[in-house]
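Okay, so chain A shows up in both of these, paired with chain B first and chain C after.
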Partner chain A sequence: MDENILDIEDLVVHYETEDEVVEAVNNIKLTMKKGEILGLVGETGAGKTTTALAIMGLLPERVGAIKKGKIKFEGENLLEKSKREMRAVRGKKISMIFQDPMTALNPVKTVGDQIAEVILLHDKCSKVEALKRAQDMLALVGIVPERYKDYPHQFSGGMKQRIVIAIALACEPDLLIADEPTTALDVTIQAQILDMMRALQKKNNTSTILITHDLGVVAEMCDHCAVMYAGEIVEYGTLEEIFDNPKHPYTKALYKSIPSLDKDVDRLHVIPGMVCDPSDLPSHCSFYDRCDEKCDACKLHDPLPYEIKDGHVVKCLKYQAREEE
Partner chain B sequence: MAENLLEIKNLKKYFSTPRGMLHAVDNVSLNIEKGKTVGVVGESGCGKSTLGKTLMRLHEPTSGQVLFKGADIASMPLKEFKKNYRANIQMIFQDPYASLDPRMNVLQLVEEPIKTNNKNLSKAEVTAKAKEMMELVGLAKRLEGAYPHELDGGRRQRIGIARALSLNPEFIVCDEPVSALDVSIQAQILNLLQDLQDQRGLTYMFITHDMSVVKHISDDIVVMYLGQMIEKCPADEIFKHTIHPYSQALLSAIPIPDVHVKHERMVLKGELTSPINPKPCCRFAARCPYATKECFETEPQLRELKPNHVVACHHAEDFV
Partner chain C sequence: MIKYIIKRILYLIPIMLGVSAIIFILKTFTPGDPARVILGNDATQEQVDAKREELGLNDPVIIQYGNYIKGIVTRGDFGDSYRTGNPVLSEILPRLKTSGLITLGAVAIGAVIGVLLGIISALRKYTWVDSLVLVISMFFQSVPEFVVALVLIFIFAVNYHLLPSSGIETASGYILPMLCIGLSSVASYTRITRSSMLEVLSEDYIRTAKAKGQTDSNITKHHALRNAMIPVAQSIGTNLGNSIGGAMVLETVFGVPGVGKYIVDSITQRNYPSVLGGALIIAMVLTIINLLVDISFILIDPRLKSTIIAGGKKSKKVKETAAKAA
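And then the complex of A and B:
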């Protein structure tokens, strides 16, 4: 049996400021097998990036706090590690591709130096050797290696994103977290980057968490998919289950609100209302106000994640109740 | 036959840079009928936004004509344009986070264009009109005193729409109005824009890079590449019978949210070439998988291959 590379248990992350407590991530549970690509979808403020930052140990100091839970990576709880130990993990075992390639790179260092920096930090080797490996990485992501002496502003957006990917992959991590890696790019460039990520993933068998709000990207890339809403995973399952057999009202509404390329509709389906304020979450189901399948019981209980089918988990009272009857 | 509200003839906008002339919009000709929506698509840097801003005279056109109800708004003195036409041609800007003054509250933001353009209105009249606009775009009364930073992207974009509509324009340039928004909010804004069009007979130019959005909202679609219009046809036609290889590539690059559709993807090599001093050849030739010697030597002209479907490609017949 495959071992789990990542096991998140009951993770709770709060951002605490003087005036309020923002409950960004509430009790999420997530397991990932080795070599799997997991899609994490949801709207702005759903807690996708916070989850990623918690895994990386990069939550903003003082403000961000992990209240509860465990993040087990290859069997070890990352939350118990010291800062020093985390530094050894970060970049080497787990690395992250950041959302905006325009701001993720250092404008006053050459891209070769920026890639070599990670290699020097984690692997004992000479500067010359590190630069040589940096050039190999550039070639791997489809940039002429001779350009390692260039600065970020000399590259276009798509190429900068390739460089960010090269940095993330430089130490051949076991787990890669890609936070909206193509959101800032044009579709044609997005297609290039996704093709490249898929090829590299096959080659190294890297487990990947792909954070995105684009369901199309998920359909093309992922094996499993988790839908997040207001800091909770409301639905989790294999790609086929989530796309062919969505159960949670939010997932269903999400599909209906995307304009389709092959069907003509006069009006788009609208999810009424707004995402509830994470500093003031209700005690009942957080999707209640916007849900079009709600019933009275939804206002009384907060639903528990319920496995309706092997590996397909839904957090909705509708399915939970049906089972208990 | 519907009348043309806007006729663009050979519009050019060049920017001078240290390395030569940058051809941001090159020889674009386009007619927009009253009450219709024309979608403009293309990658970043293809001149979509410059085209929109040039129509608004936010950029001065280098040459060419823009006839708005028969009057050439591109060559008239800017003062005259501002006085008589600007209120009629409005724009909704791309980024609702950057296009609003952070120190003005919602009511002030909506009042501002009304005040500037109707000097004879009393303060009470201005406020009344602004409140009417807020209601029209679905901004609740309690938000009047709120500042932009307190609002989410969807509400901010509604302020942008209210500002544009407050002058009763006939033509609105929507520059990526939903790109910065989440899908569920995007649907709300698209529906709002459609409702307003039905109620007020508005004409839109809808600039976006999202093909599924443009298909949903447009009657006609224009595909731009490096400042040039390379294909124009009715919206449903482009998804069924695209002709230009670039449009085909653009369409095939869209990830489809369905696990069963496995489409052949045409991945383009490279990126946009530089629009500075382009050579007189097909600008897409360097990335085109079908390019021949001819493509690198002469520039293809727009030809009407089917009714209402024009394409600029030497080999267009082969793709019909």
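And then the complex of A and C:
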């Protein structure tokens, strides 16, 4: 028995539209142990949401296609499961919180019904019981349970996100994927929501993938971190390794772009250049154009992920070459 | 909610006053003497003068208008028909029932077929089913109602003698006019339903429902349909008004004794009390329908409860439809 809750092997996801093929996720490998909180960081367009949707089996029909790879959840490959089997996984074993709480709830159903829906789907119980549990969930995320009869438009953005979280946690999933859960919220609300998520995570020890573009959030919440760039995981390791000993030029650049109180900088560091177009990826290292540590060899090779230290993987020619010398 | 309904009913007053004033003004500018119309060409000038006095036609228009309004408010009296001498109201009510039945039947036929086709083509988007539905509904939209009417009469009444070509002596007499008006609105319901369904199906909350593990059919039934029906209900509301207009034209084609035919006949006979009464009652019915439609929106979409009741901006639209029908 392996104790990994999630094992992603060589996952490749493309979006195939009429006029182009977007290579959104390219050969990623990712392992998660039970109870772990993994931060998935990267700029917009890096393929974070695509990875999450692939795990959920919710890639857009016809357009999104998994080209290769395995997604093993608790030892079973999710990609081999039937539609029906996947429905039993979603909401029960794996839950997802989406980025925008303003649109994630059905405007014409009461929030109580929307929480009860997932409970009724997966746990055999009566409607009354489901509603009762829905109210308990509301209380758990800090909303007065009596408000279960209210409609989404009667709640603020932060409250809506609490309700979305209540839906995601209602069936006590083994794996929670939170896709930028606080990006759409005010800064003060962000902190509250993160605090609450951390407390709830501790309570059930739910394995969590926290998707964000904010390294600060990762530092606060996560124990492992994967940095994504152009559909690839360019660096992976424990929180300490990634923060104290970042190796990939992209990770280092991300640090420089964090505003800091103790460092006295006039101007935030902005990573020069543009994210490369995922519908037209280069054959060499995809970070080449923006890298400030590049050498001639970088233009010839696409480096392989290399484990420089126990559990610390970097996908950069510099480190790969150094070890081989 | 009650306050809102009362407020909306009070809006009826200015609408009625406006509609009746317009028709009164038109009446004074139209040549021809109603008294002469009633009595016929054989009557002497004395008889005509006496009749004018009796009908109050010698009073200033404003007094006539005042008396007319007073009659409606105090006695529910819309005057007597010049032609038959019967109270206008008692002549209109049975005809209103006929017209109402045809209109409601037509809207029901159009909405049910249209919404079903719309849902099917949305769920099967970009397949041949979708294209077929599109072609069929475009066909019905581009052919004028009366052409459909004549074709239907030809097929069902003349060729196969299945349904009567005119009149409503039997219940089946209603079917052709209903089909006719109903089919012409199928296309618009199909298009609205399809696009609204597609839009709703791409909403984030549909993805939330999928993430819960919900089945596709339940997602359509419980999450998509009700949201997708909001614009459809809106167009049913507007369509009811249009269908009443359509019914008026088709009543003449099919020889159905409804309010439309009554008003058209009364106009050619210069039978002003009947025209006035017919127009006012239609305007009243339209306003009430609009109110019911608005209330149904509130029931479908909880977000409207706060906005629509506070705003009351609908009255303008109601007035416009009422004036158009008159």
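Note that the second predicted complex is superposed on the first by the 322 of 325 C-alpha atoms of A that agree within 3 Å, B and C clash if a C-alpha of one lies under 4 Å from a C-alpha of the other, contacts with A are read in each partner's own complex, and residues count from 1 in each chain.
The rule is short, and it goes like this: contacts are C-beta pairs under 8 Å (C-beta built on N, C-alpha and C of every residue); 3 or more make two chains touch, one makes a residue touch a chain.
The shown structure was predicted, so the numbers you read here are calculated from the model rather than taken from an experiment.
Participant: After aligning the two structures on chain A, examine chain B and chain C and state clash or fit.
Facilitator: Chain B/chain C on chain A - fit side by side.
Participant: For A:271, decide between first (touching chain B), second (touching chain C), both and neither.
Facilitator: In the superposition, A:271 touches chain B alone.
Participant: Classify the contacts of A:257 with the two partner chains as first (chain B alone), second (chain C alone), both, or neither.
Facilitator: Touch status of A:257: first partner only.
Participant: Taking CA centres, what is the chain B/chain A/chain C angle in steps of 10 degrees?
Facilitator: Between the chain B and chain C centres, as viewed from chain A, the angle is 70 degrees.
Participant: Contacts for A:96 in the overlay, against chain B (first) and chain C (second): which applies, first, second, both or neither?
Facilitator: In the superposition, A:96 contacts chain C only.
Participant: Which holds for A:195: it touches chain B only (first), chain C only (second), both, or neither?
Facilitator: first
Participant: Regarding the shared-chain residue A:164, is it in contact with chain B (first), chain C (second), both, or neither?
Facilitator: second
Participant: Now for A:149: first (chain B), second (chain C), both, or neither, which partner does it touch?
Facilitator: In the superposition, A:149 contacts neither chain B nor chain C.
Participant: Taking the superposition as given, does A:88 touch the first partner, chain B, the second, chain C, both, or neither?
Facilitator: Second partner only.
Participant: Look at the residues of chain A and decide whether chain B or chain C touches more of them.
Facilitator: B
Participant: State the minimum pairwise Cα distance, in Å, between chain B and chain C in the overlaid complexes.
Facilitator: So the smallest C-alpha to C-alpha spacing between these two chains is 7 Å.
Participant: Which chain A residues qualify as touching chain B in the complex?
Facilitator: 43-44, 156-159, 186-192, 194-195, 213-220, 239-240, 243-244, 253-255, 257-262, 264-265, 267-271, 274
Participant: Tell me, which parts of chain B touch chain A in their complex?
Facilitator: Residues of chain B touching chain A: 43-44, 152-154, 182-188, 190-191, 194, 209, 211-213, 215-217, 236, 239, 249-250, 252-260, 265, 267-268, 271-272.
Participant: Please output the residues of chain A touching chain C within their complex, sorted ascending.
Facilitator: Going through chain A, the ones touching chain C are 56, 58, 86-92, 95-96, 98, 100, 103-109, 114, 117-118, 121-122, 151, 153, 164, 167-168.
Participant: Inside the complex, what are the residues of chain C that reach chain A?
Facilitator: Within the complex, chain C contacts chain A at residues 203-205, 207-215, 222-223, 226-227, 300-303.
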